[in-house]
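Both complexes below contain subunit A, partnered by subunit B and then by subunit C.
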Partner chain A sequence: MADFRAGERVRVRAVDPEGHTRVPRYVRGQVGRIVECQGRWALADECAAGIAEPRVEPVYTVAFAAGDLWGEGGHEVTVDLWESYIERVREDGA
Partner chain B sequence: MSRVNDVGGQAGFGALEIEADEPPFHADWEARVFALNAVLVRNGVYRLDQFRDAVERMAPQEYLAASYYERWLHAIETLLAERGLLGDG
Partner chain C sequence: MSGEHTSTPVAARVRRLEARLTEAGVVTEEQLDAALAAMLKGASPVNGARIVARAWTDPGFRERLLADANAALPEVGLSMAGGIQEQRLKVVENTATTHHVLVCTLCSCYPIGLLGPSPSWYKSEAYRSRVVREPRAVLAEFGLELPGDTTITVWDSSAESRYMVLPRRPEGTEGRSEAELAALVTREGLIGTAAV
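The block that comes next holds the complex of A and B.
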């Protein structure tokens, strides 16, 4: 279990699954900052696929700089993402 | 592959129309579709995420031509047909 903490930098996995997912295309591969955890919820992808006992994972609010996503804008964009959608960014940026 | 619904950040769709004092429904049939979906989810006919998936499975040209609740009705019909609960016609 990753157990991300507020302020940690995470990268959204650059997935493009066949079925339903709650990862908007505009954050895939992008680096953001954990804001807070919204509790544990059944993974929407597996619920949509009809899996009887879907994985239950923490959902995190992640903030992205609008400039990183759109190339402009000084505001932040926040997206709620299941744990398996994100990975920790190492200190060397990889 | 990304589906047709995933248009966040894409240009070319024009400005969002924001209605003053927008009612929840613009026609009675929309309210019925809303209620029908709630009843079907609550009774376990399908899950909410399966409903979302069914909306996203619409053919792109149909999806883009349909209104919000037309998409809902399409998804309900798809899911009921797939479960053998709705016949042709």
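The block that comes next holds the complex of A and C.
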């Protein structure tokens, strides 16, 4: 269990899965900051696929800088992401 | 993105399923209408406005609302448990230097129970794709010109979690009753496309 903490930097997995997912395309591969954990929910992708016992995972609110997403803009966009959508960013940025 | 909901394949499937169920005598049109009416019963921006007015007049409630909205809602006789499952509610507070605005880029997730049925523009592809990219310009088109140094956060919602904006209390409203204050709050204020 990754158990991300507020303020931690995470990268959204650059996936392009078949079928339903709740990873908006515009954040795939992008680095954001954990705002908070919302609680634990059944993974939407597996629910949509009809899996009888879908994985239940922490869901995090992750904030992205507009400059990272679009190359411009001073605002932030937050997206709710299941734990398996994201991975920890190492200190060297990799 | 899925475009207009009424023309999506899933909408056509829902209509076909309704027709099959009524043809087979499993359910009547009247029962379907009654189920929809029950879901929407009491769903109105008046609920959101009441929450805001209470938060403006009761600092303790405001604090509890921002910390855990689901736990605070029963204090004003409301809850997020009206649907198939209880949804999480997060209330985000506008200040003199920060502004929040809501969207759902994947579909049109929205706290219907607190804000009523969503406006058509909220579901439009134009709003959903543009507000995450250029919120300041989109808000200006709604008539909301924010100072250049205001920090803007766009909250992209999802099915299990919903958001509501707590607007700033307008100047010169000291001494007004909770009901008078609630009357100032608009649906657009609760989405963040208007100041109040």
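Worth a mention:
Rule of thumb we're sticking to: the second predicted complex is superposed on the first by the 94 of 94 C-alpha atoms of A that agree within 3 Å, B and C clash if a C-alpha of one lies under 4 Å from a C-alpha of the other, contacts with A are read in each partner's own complex, and residues count from 1 in each chain.
We take it that a residue touches a chain if its C-beta (ideal position, glycine included) is under 8 Å from a C-beta of that chain, and two chains touch if they have at least 3 such contacts.
Quick caveat, the model's predicted, so the values are computed rather than measured.
Overlay on subunit A: subunit B and subunit C clash in the combined arrangement.
In the overlay built on the shared chain, the residue A:Asp16 is in contact with subunit B alone; subunit C does not reach it. In the superposed model, A:Ala6 lies in contact with neither subunit B nor subunit C. Applying the stated contact rule after C-alpha superposition, one finds that A:Gly73 touches subunit C and leaves subunit B untouched.
More residues of subunit A lie in touch with C than with the remaining chain of the pair subunit B and subunit C.
In the superposed model, A:Gly39 lies in contact with subunit C only, and not with subunit B.
By the touch criterion stated above, A:Val59 is placed in contact with subunit C alone, subunit B being left untouched. Residue contacts after overlaying the shared chain place A:Pro24 against subunit B and subunit C alike.
Residues common to the contacts of subunit A with subunit B and with subunit C across the two structures: 24, 26, 44, 69-70. Listed in rising order, the residues of subunit A touching subunit B in the complex are 16, 18-20, 24-26, 44-45, 47-50, 69-70.
Across the interface of their complex, subunit A is touched by residues 88, 90, 105-106, 132-136, 151-161 of subunit C. Against subunit A, in their complex, subunit B makes its touches with residues 1-2, 6, 8-9, 47-50, 52-53, 56.
Every residue of subunit A that touches subunit C in the complex is listed here, in rising order: 22, 24, 26, 38-39, 41, 44, 59, 61, 63, 66, 69-70, 73-80.
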